[in-house]
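There are two complexes below, and they share chain A, which is joined by chain B in the first and by chain C in the second.
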Partner chain A sequence: MKKKGFADLFFVFLLLYLFLPILATMFYAFATNWNKTVLPEGLTFKWIAMLFQDSSFIEAFGRSVLLSGGAVMLALLFIVPAIFVIVLYFPKYEKWIQAAVVMVYAFPGVILAVGLIRAYAHIGVPMIVAVLGAYVISILPYIYQGTRNSLRNVNARQLLDAAELLGASKAQAFLKVLLPAVYPGLFAGALLSFSVLFGEFVLINLVVGSRFETVQIYLMKKLSTSGHIASSVVFVYLVLMGILTFIISMLTKRSKGAAKV
Partner chain B sequence: MTSKKQLFVWILPFLVLILLFFIVPLLYMVISSFSNGDGFTLGHYQEVLTSSYILQGFKNSITLSAVSAVIALIITLFAVYAMMRFSEPVRERILMISNLTSNFSGIPLAFAFIVLLGNSGLFTLLFEKWGIESLTSFSLYSWGGLLLVYIYFQLPLSLMLLYPIYYGIQQQWKDAAALLGASTFQFWRKIGVPIMLPGIVGTFSVLFANAMGAYASAYALTGSNYNLVAIRIGALLSGDIFAQPELASAIAVLLGVTMIIAMLLSEWSIKKTRRNLK
Partner chain C sequence: MYGNNAVLSNIDMTIEKGEFVTLLGPSGCGKSTILRIVAGLTDATSGAVKIEGKNMNNIQPKNREVGMVFQSYALFPNMTVKENVAFGLKMKKMNESEIEQKAKEALAIVHLSDKEHAFPHELSGGQQQRVALARALIVRPKVLLLDEPLSALDAQIRKKLQADLRSIQTELGMTMVLVTHDQEEAMAVSDKIFVMNKGKIAQEGTPTEIYTKPESEFVANFIGHYNVFTRKELEQMIGNKLPGERQKFAIRPEAIHLTAKEGDYRFKGTAKEAVMSGNVIRTVFQAGDRSFSVEQLHERQASLVLGNTYECYVSQEDVVALL
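Now for the complex of A and B:
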């Protein structure tokens, strides 16, 4: 055990490095005054209350939920069925989805922003639609991973064959047997996608700008005006991400557990 | 055959989406990088390659990305090694927590570092109080500050990618090596690290690409002041001075090529690692 002392140091450092910024920011959201002293002078709920009374924050939050949630919904409606069909019926084309996943992953928002502006800014397409579409595509890696893993976990092909053998129609087998079995994994992928999109800044800022103020753009504005409000925004954001991560891990555990039975 | 056609209907919307919101924009970007209003030109690329300012941006981005990736790799390599002493459920919990922090990036992350190390940040005040001269002169809004922020968002990703590679090193190999008289150090030097090497290279290239494309945290910290490729593209696009979308396209194409090379390298090394771990 003693031999690992050196490595342990790195481990402790890693945890400290990851958590110190989070803890400090959360603490700052509840500090009365924290400009001259190392520790805050007092604690208060004033900033959080102020944030929730600010209608522009509530609206920005609504826009973020609408945009990220809308993109996830569209992905569930249009991308998931395609992945299902390709994985189950055209497995030889699956490498094309994998190639698309790598490509999407390889091109960051800042590159895609250039493309979206060049393609759609001058032909009357509302740019928010362009961003929404790009969001749907940008979560492809998470959606694919979630769908693929849950299909593999439940042996989807055999499950469908068995259901049909027992007299279910194709639609019944799909809706009543397969969908409930893969649902937890799919839902986990959807939540992960949502949390990634909720933190997205580059595309929305460069392509649409402050005409569609999301939480991230609101936060960017508050960065230079009020540190306390900014930290309250980050606090709310972190709480939301914490809840989502917790649900995701529960769902993943459940879908893994279901596969073992 | 009709059933295959019916199935194709389910794939069609996906193809349309990827065409409209991925392939078409990228094509337009490439075309625009070669056009100057009335025809074909290589001028934008020439401008990129002769502008010392833009080249400097590439140089800054590449150094920042490579250095942050290497530091994050070293930290996580040792950290994963230390993590292995915990039981599997505990390790999974640690990974879950680290995944939570991977969502903490961009603007919120930049702000957190302002709270810690900004002009009246927690540590800045602490260093002043203790009178540590060398540290009080540290500026978050410089290369060093950006490096700290970049290392932060590299760490969870690096941990997530290295853990399975590490996990693949089997206990039997260690036992066999130990039986044959190898010390722990010898095992890692002669067997462990060489087996993991392609995986480490792959992880490095993913981390490198991750940092090359990062925009939000650098933008939040330095506005358009610090010269990075991603920041340059954003500035040329939104026209902080005046918009030059064609030039932005050319830079974006070159950045895209860098990303593709990094991703190909990682794909290749992942395949190699899988073969090693079998």
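Now for the complex of A and C:
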């Protein structure tokens, strides 16, 4: 009993440790005033409304969606077909992708930023394009894992063989059988990548700075002017991430069901 | 070829139309590779595959009129049972009403009419394999290849599906080639068996021929619990010279009996241990430094007492000389 009581206490402490800052930030986004009291003096939607009336927030949000979404689309367009071909037809080259995946994790953002500036700043490549390129590469691990796991789960090679033996051309087998079968996994990988990029700050701040204000840079600016607005940005961000996480978990469940072939 | 090693060599097989043929062998003996070559999914480095006399070497899998059922079913997870079964006909651009009717017929053959709207993951392994079979049968391939289709299923369902497979094959008169490592399965369904070892055909024949007349020690060991003796061992046991020049001999455990018939070889053995497997009792005997096993039908009264020494007999034609 004593042991269980201790475990419960520890668990509660851990939850508080993890969630208290988030809860406090969320409360602050809705607080009229919260300086001298334990709880906010009153609640208001004023800060959220102000945030959405601020055109620079809407623009920053749009830029973040465009940049992250664009990078994900490019990755889906170029990286996914490459992973398909390698996993299905040239599995011996998979180790090279795995090495690339590790390298993505190994490079700290600061070093990557300095590298990008040194490599591209003086040759006329717009730095935002350089960042976009770096983003496409940085989500390689998520796209690779999502695609490869889906392909393995559905036993992709055999699905293609089965479809071809039933009279499908290679293109038909790919479009009608393989793509719909791995789609949930791919979509989950894409959403995960999007949410990671949406929260990225180091690279965009160091390489492009305020010339291309994303939500994260907007948030950084607001931190020094209005705590309430900054908290509102965090709240909106958390809600968006919550929705994305929910969709990802739904898709993962679905693809698990589909995998039991 | 795999690296520098030949996976298959000297494979020469002729399969008659409407025949149920089994490629039987241990894992890695190249039997699945033969199926993939016939289907066109793997290219052979040399040789030719002919179906109804037509060379298939440069013909794509989709145009070979060959069907295949895989061990892992390979059902399309995003499609319902009916959509899976209808896929082949859709690729042939058959009209919808005809597809509907044929899909229903195919599902009836495999007793799954009530599951047409289910998704593959909602079905048991046995049901999934039935769907895979219906999907392959519906396009009426000239040859249906079955790549260990039953090995992931439990024993009872496997037996039932073996019987179903054979009856469907007889009913449709379809040529089928089954790959398996299960000798009982091979014996149960086949018209002809090719026993394979290390990329070569070790022996071909009817199930009875393969079982009663194994040509090599490998086949004798693989298809049953044969007792394999060297010439010296067996001659010492029976106290007689054996005919011919062959150096190894095989005796089926059920061919050894305890009552004498004229012309039988006779030898003594001490019953050491007995294992009961349903209707058969396998008793291990010791004769000098050699042991051998004897199988008898399980009868109400145990006829053998462990520790006792018995006179054993085997007729001369049941002593099979091996290559």
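What we mean here is this: the second predicted complex is superposed on the first by the 250 of 261 C-alpha atoms of A that agree within 3 Å, B and C clash if a C-alpha of one lies under 4 Å from a C-alpha of the other, contacts with A are read in each partner's own complex, and residues count from 1 in each chain.
We adopt the following convention: contacts are C-beta pairs under 8 Å (C-beta built on N, C-alpha and C of every residue); 3 or more make two chains touch, one makes a residue touch a chain.
The structure displayed is predicted, hence computed values, not measured ones.
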Chain B and chain C placed together on chain A: clash or fit? fit
(Q) Is A:P126 touching anything from chain B or chain C once the two structures are fitted on A? First, second, both or neither. (A) neither
In this superposition, the partner of chain A with more touched residues, chain B or chain C, is B
Which superposed partner A:M241 touches (first chain B, second chain C, both, neither) = first
Practice item. State whether A:F10 touches chain B only (first), chain C only (second), both chains, or neither. Key: first
Check your understanding: Of the two partner chains, chain B (first) and chain C (second), which one does A:N155 touch, if any: first, second, both, or neither?
Key -> second
Practice task
Examine A:G62 and indicate which partner it touches, taking first as chain B and second as chain C; both and neither are also allowed.
Solution key: neither
Is A:S169 in contact with chain B, with chain C, with both, or with neither (first, second, both, neither)? second
Once aligned on A, the angle formed at the Cα centre of chain A by those of chain B and chain C, in degrees rounded to the nearest 10, is 90
* Asked: After superposition on the shared chain, which partner residues are touched by A:G109: those of chain B (first), chain C (second), both, or neither?
  -> first
Superposed, chain B and chain C have a smallest C-alpha gap in Å of 13
Listed in rising order, the residues of chain B that touch chain A in the complex are 4, 7, 10-11, 13-15, 17-18, 20-22, 24-29, 31-32, 75-76, 78-79, 81-83, 85, 96, 98-101, 103-116, 120, 122, 125-126, 129, 151-152, 155-156, 159, 184, 209, 212-216, 219-220, 230, 233-234, 237-238, 245, 248-249, 252, 255-256, 259-260, 262-263, 267
Per the touch rule above, chain A residues touching chain B in the complex are 1, 3-4, 6-11, 13-14, 17-22, 24-25, 28, 34-38, 74, 77-79, 81-86, 89-90, 100, 102-120, 130, 133-134, 136-137, 140, 195-196, 199-202, 205-206, 209, 216, 219-220, 223, 227, 230-231, 233-234, 237-238, 241-242, 245, 249
In the complex, chain C touches chain A at residues 39, 41, 60-62, 64, 66-68, 70, 72-78, 87-88, 91-92, 119-121, 128, 135-136, 139
Listed in rising order, chain A residues that touch chain C in their complex are 154-155, 158-159, 161-169, 172, 177, 180-181, 183, 257-261
